[in-house]
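Structures follow.
The same subunit A turns up in both complexes below, where it pairs with subunit B and then with subunit C.
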Partner chain A sequence: MIQNNASKKKNAAASFMPYVWLLPSILLMVIMIIVPIYTVFQISFSEVGRTGKIKGLNGITNYLEVFEEPAFWTTLQNTFVWTIAVVGISTLLGFIIAMVLNQEFAGRKFVRAVVIFPWATALIIQSVIWKYIINADYGSLNVLLRKLGLIDSFVNWTATPQTMFAWECWVGIFVTFPFVTFCILSGLQGIDDSLYEAAAVDGSSFWHKMFRITLPLLRPNLTVSTVLNIIYVFNSFPIIWTISKGAPADQTHTLVTYLYQLSFADGKSGHAAAVSVIGFVILAFCASIYMILSLRREEE
Partner chain B sequence: MISKRKPWQTVALYLFVTILCVVILYPYFIMFITGMKSNNEMYAIDHIFPQAWQWSNFVDIWSAAPIFRYFINSLIIAGGATCLAILCGIPAAYALSRMKFKGKGIFMGAVIMSQMFSPVVLLVGIYKLMVNINLNDSLLGLILLNAAFNQAFTIWLLRGTFISISPEMEQAAKIDGCNTVGALIKVLLPMAAPGIITTLIFVFINAWNEYTIALTLISTDAFKPITVGINVFYGFNFIQWQYLFATSLFATIPVVILFLAIEKHLVAGLTSGGVKG
Partner chain C sequence: MKKKVLSVLLAAAMTVSALAGCGGGSAEETAPAETTEEAPAESGEEAPAETAGAEPVALDIIISQYGNYTQEWWNQFESDFEAANSNIDLNIEIVSWNDIYTVVNTRISTNEQPDILNISGFADYVADDLLMQATEYTSPELQANFIPSFWESNSIDGTVWALPILASCRALFCNVDLLAEAGIENPPTTWDEVLTACQAIQDTFGDDIVPWGLDISTDEGQAAFSYYSWNFGGGYVDANGDWALNSPENVEAVEFIKTLIDSGYCNSAPFTDTRYPLQDAFSAGTLAMMIGPMNMVAADSTVNYVAADLPGNQVALGVCDQLMVFKDEEAENQEARTAAITAFFDAFYEQETYSDYMVFEGFLPATLDSSEYLAQNAENHIVGGSDVTGSSEYFATFCAVLPNCEFYPMQKAEWMDVRNGVIDVEQQVCTGTIDAQTALDNLQADVAE
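This part shows the complex of A and B:
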């Protein structure tokens, strides 16, 4: 009887053990991630003073006020353009570069190493350097192009919000494509050469091999790189904040720079929190698609 | 994919990779030569290269601003966050790879979900939390946040590593009288060393390069990491580009080298370790 009790206790302890192992990780994430999520929701439904003091719930007033701002709608549109353009072009470009780097050629190791540079460099440093390069008065791109004889006088690269935003997208692409390249490259190296040899015997064209062999086998790699990039690019703050800060006239914000300005420059925490929740909902939607996809693959 | 290339294909290939390298290295080249210019030459727009190479810039930055302090802060933040993330991540990844329990699927799902939320979108909440627990404007706050927001990747990469190692060796060690913790430390961790080092470096780089949280939370100059600290050369009216870029080079080179060291392990871990498991 006593023995039985003891082994029951031991069993109970054993079944409890996994949770003890998970505890530090759970504590860290609950306090640092879940609590802020809760706070953002709470603030978004509250009236907040300029000093950040919460004065009580006010329903969906913050949301309605945000919706009335034309800047919000521009920002939302920019966010979609930014995310789709940067992720889309990076994926295509990254894919092509991976195909090239998968070829055997002298200096391949060097090129691989070079492609890592933009991925490893801090975004803030990338942003500052590009801001300098495209500067209209003394930027090095103008200096270079004039030396090469391609332009006579300096070009103002960021004369309109559209060109400003296009340059920001370019910097986004510049820092995003290496991740795609390496994800694809790791997939390409796992594909058995005999598949291509068999296809070559059958006389398959390049595109036939691409759509029948390469792309289907790279699907997991493409999923990981695309989904993670959507998240990163959507949340990317330093590029736009450094190069334009949303200027001119709030025309080049994305959701994250807009909410930062609302909260930490304009002192409108309530509005900022509402924008956060909207961004949060969009991300949660993407995240649940990703989770369903990856859990389904786990079952396979 | 070894196939015989026609001559024009070889030419096209080399042309392509040459253009690629030039475009990628261009900003780094600009960073280097601008970091070498004197202040007088900064706005002289007739020359690409500096007329007088100012190697002294690389020495002057250390006295022009508390750059050394910023680097130390970055080291403390990134080092602390890495240690914390790994110390919390190892037991979690171990449980997820070696034990069966209720709620495992839910926890994995939550981990994958949490990876979706960058701190930026939660900044308003994070700021409030940090003020409430008195950790805004402190290195400890940044350590905790960086560790938490890298937890998903840590668990993901470590779990993949642990799963790829057969549990037989640990079981043998347990029969020899080791307890679970002993078997983990003496048997599994040494075997998992490459995966653990990859994870360590990756979290370190993420925390080292982090900008937004630090910008938001840190107002005291003595607590700024290098990513925020370089803003001292970036005043409203007067930008000291040469110092800015000289400092940026110091902040970039070690990270690129670390990254080169782990790239192979990292990509394999990211694309297979977590998703397939």
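This part shows the complex of A and C:
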């Protein structure tokens, strides 16, 4: 009986122990994540002075004022264009490059090492370098093209908000595709060659093998890279802030740079918090769709 | 199961990350007054002021970082001051311009504001009833010693809320050699002459030289609006001090900026180019003309240049940062605290000490006695980070310009909205999304609301 009690106590302690080990992480999460989230929600419903002084709750006034700003709607549109363009094109590009890198050719290891560079370099450095490359007055792109005789006079690559934003999307793609490449490449290396050999014996075409073998087996890799990229690109700050700071006339902002400007340049912390919450809701919606689809597939 | 866990983790990461980057704080980053570069210091002068009473007092002070050696000068000042005022403990913190608004706002939101703050702009603090009136802690002698226009520029409805710490002014910088090669003998004095000179430079040098430097970025686009609007006869306010943003002169000024861009006379990215790369380009000899601060040309530049009056009405932009004192309702002995603050300012603005700081940082003084003194004795002081002495000629020239400078209407509560608004107007008009008259009418209506 005594032994039984001791054993029960031991079991209870053993089942309790994981929570003890998890406690520091849980505490950290509460302090670093839950408290800031609560604070942002609270600020979004508060009147905040330019000095940072919270003057009390003001309901949904911040949200209404944000919705009245044309810049907000342009920003929202940009955010979707930015996320879809960067994630979509870098996924396609990364997939193609991964297929190439999965083939045997001389210098493959070297090329694989080079491809990782854009992703491994700090975003801020990439952004500054690209800003200088495309500068019309002294940028290396114009100088190079003129030396090659392709242009007579310097081209202003960022003359309009649209071209400026397109360049920013390109930089986003350039720094994102290596991650996709290596996600896909790791998946490709896990596919058994015998599957392709069997398909070849059956007379399958390249596209048939692609859609019946490669893509289905790469689905987990594509899912992880796409979801992580959506989160990462949606919240990406350095590229746009370094290259344009949302200029001209707030035409090249995404939600993250816009809320940063509202908070740290315009002194409108209440509005910034409202924009932050809106971004939160959008991502929560996307995450919910992903969770529903993912769990449904698992049930099937 | 693994998939389920992964789904939940990814979803959580996705939603939580949406809130990243908006934890708190707030505020702005008005362009600081122009900074100097360079190095070491010698230091503050002899110990200032007298002891301010027996009660021990500690003062928390935040000073903006004007150069790489600001900390050194203030360290010396602190030790000299504390030696002369044994009952006063100064805690001086130097904060960079990039962070200062966030630092100060965070402190205010946690009720830990400093006693004395050096920053640009004070109206927001007045609006939140955080500041003491300047006359409460400034001795009558010191009040009389400030250049009157500077002292008054810190007043709202007749009440002065801050002290001018330093000033600088802007001039038109011209590369004499480039202008001469293009057939232009003198710096342009009218806006038509600016266009003529730009065309001549473009014809002579093509893509190799940018004729005119323009910064209408979010960093300092309000400075550009000031240069052009004031010198076309307009400005921010009318004779009564009311906002007059949509005046015909302002419309003409904004349209002129658009002309500069459309004609290809200025740098290609005026929406994002701040004045710093433009200053570098001017110092390197690849930019022919730009309006900039008096200390903008790099020390090692070999460019042969002149600093001329701005074209048009020849009104220069003056930039003046402030020192202000926060209320501290919890201070046990208000009288001793105020006396300590008075002692601090008397020591800082003492002619030798203050003049030394001006030479050290490369700015212009806001006091009468130092203006007079530095016009003849700047060589007695050393520029921060070098062995170079100050130049009396430099101070004599620019101090003489200061009284004619116009300043931003920072004392008006709507200033930050106007500042951001005029930048938006410039950028909208210059990208062709709206005409100048409509854009300025809209801004005027917004501000008047």
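Going forward, the second predicted complex is superposed on the first by the 276 of 300 C-alpha atoms of A that agree within 3 Å, B and C clash if a C-alpha of one lies under 4 Å from a C-alpha of the other, contacts with A are read in each partner's own complex, and residues count from 1 in each chain.
Keep this in mind: a contact is a pair of C-beta atoms (placed from the backbone, for glycine too) under 8 Å apart; a residue touches a chain by one contact, two chains touch by 3 or more.
Since this is a predicted model, take the numbers as computed values, not measurements.
On the A-aligned overlay, A:Val114 touches which partner chain: subunit B = first, subunit C = second, or both, or neither?
In the superposed model, A:Val114 contacts subunit B only, not subunit C.
Quick one: classify A:Ala265 as touching subunit B (first), subunit C (second), both or neither.
After superposing on A, A:Ala265 lies in contact with subunit C but is clear of subunit B.
For A:Gly49, decide between first (touching subunit B), second (touching subunit C), both and neither.
second
Quick one: is A:Ala122 in contact with subunit B, with subunit C, with both, or with neither? Answer first, second, both or neither.
In the superposed model, A:Ala122 contacts subunit B only, not subunit C.
With the two structures laid over each other on chain A, which partner does A:Leu28 touch: subunit B (first), subunit C (second), both, or neither?
A:Leu28: touches subunit B, not subunit C.
Just checking: does A:Glu168 make contact with subunit B only, subunit C only, both, or neither of them? Give me first, second, both or neither.
In the superposed model, A:Glu168 contacts neither subunit B nor subunit C.
Please determine whether it is subunit B or subunit C that touches the greater number of subunit A residues.
B
Tell me which partner A:Thr158 touches in the superposition: subunit B (first), subunit C (second), both or neither.
A:Thr158 sits against subunit C, while subunit B stays out of touch.
Answer with first, second, both or neither: which of subunit B and subunit C does A:Ile97 touch in the superposed model?
Once the two structures are laid over each other on A, A:Ile97 reaches subunit B alone.
Which of the two partners, first being subunit B and second being subunit C, lies in contact with A:Ala284: first, second, both, or neither?
After superposing on A, A:Ala284 lies in contact with both subunit B and subunit C.
Which subunit A residues lie in the overlap of the subunit B contact set and the subunit C contact set?
Subunit A residues touching both partners: 33, 36-37, 39-40, 43, 52, 137-138, 154, 224, 228, 231, 235, 237, 256, 259-260, 263-264, 269, 272-273, 276, 279-280, 283-284, 286-288, 290-291, 294-295, 298.
Of all residues in subunit C, which touch subunit A in the complex?
3-4, 6-8, 10-29, 101-102, 104-106, 108-109, 124-125, 127-128, 130, 206-207, 210, 217-218, 267-269, 271-272, 281, 286, 416, 420, 424, 427-428, 430-431, 433
Flag every residue of subunit A that touches subunit B in the complex, lowest number first.
On the subunit A side, the touching residues are 15, 17-19, 21-22, 24-29, 31-33, 35-40, 43, 52, 97, 100, 102-105, 107, 110-126, 128-130, 132-133, 137-138, 140, 142-144, 147, 154, 174, 182-183, 185-188, 193, 196, 220-221, 223-225, 228, 231-232, 235, 237-238, 255-256, 259-260, 263-264, 269, 272-273, 276, 279-280, 283-284, 286-288, 290-291, 294-295, 297-298.
Considering the complex alone, what residue numbers of subunit A touch subunit C?
Where subunit A meets subunit C, its residues are 33, 36-37, 39-40, 43, 48-54, 131, 135-138, 153-154, 156, 158-161, 224, 227-228, 230-231, 234-235, 237, 243-251, 256, 259-261, 263-269, 272-273, 275-277, 279-284, 286-288, 290-291, 294-295, 298.
For subunit B, which residues are in contact with subunit A within the complex?
1-2, 5, 10, 13-14, 16-17, 20-21, 24-28, 30-31, 34, 42-43, 45-48, 84, 87-89, 91-92, 94-96, 99-101, 104-105, 107-110, 112-118, 120-129, 131, 144-145, 147-149, 151, 155, 205, 208-209, 211-212, 216, 227, 230, 234, 241, 244-245, 248, 251-252, 255-256, 258-260, 263, 267-268, 270-272, 274-277
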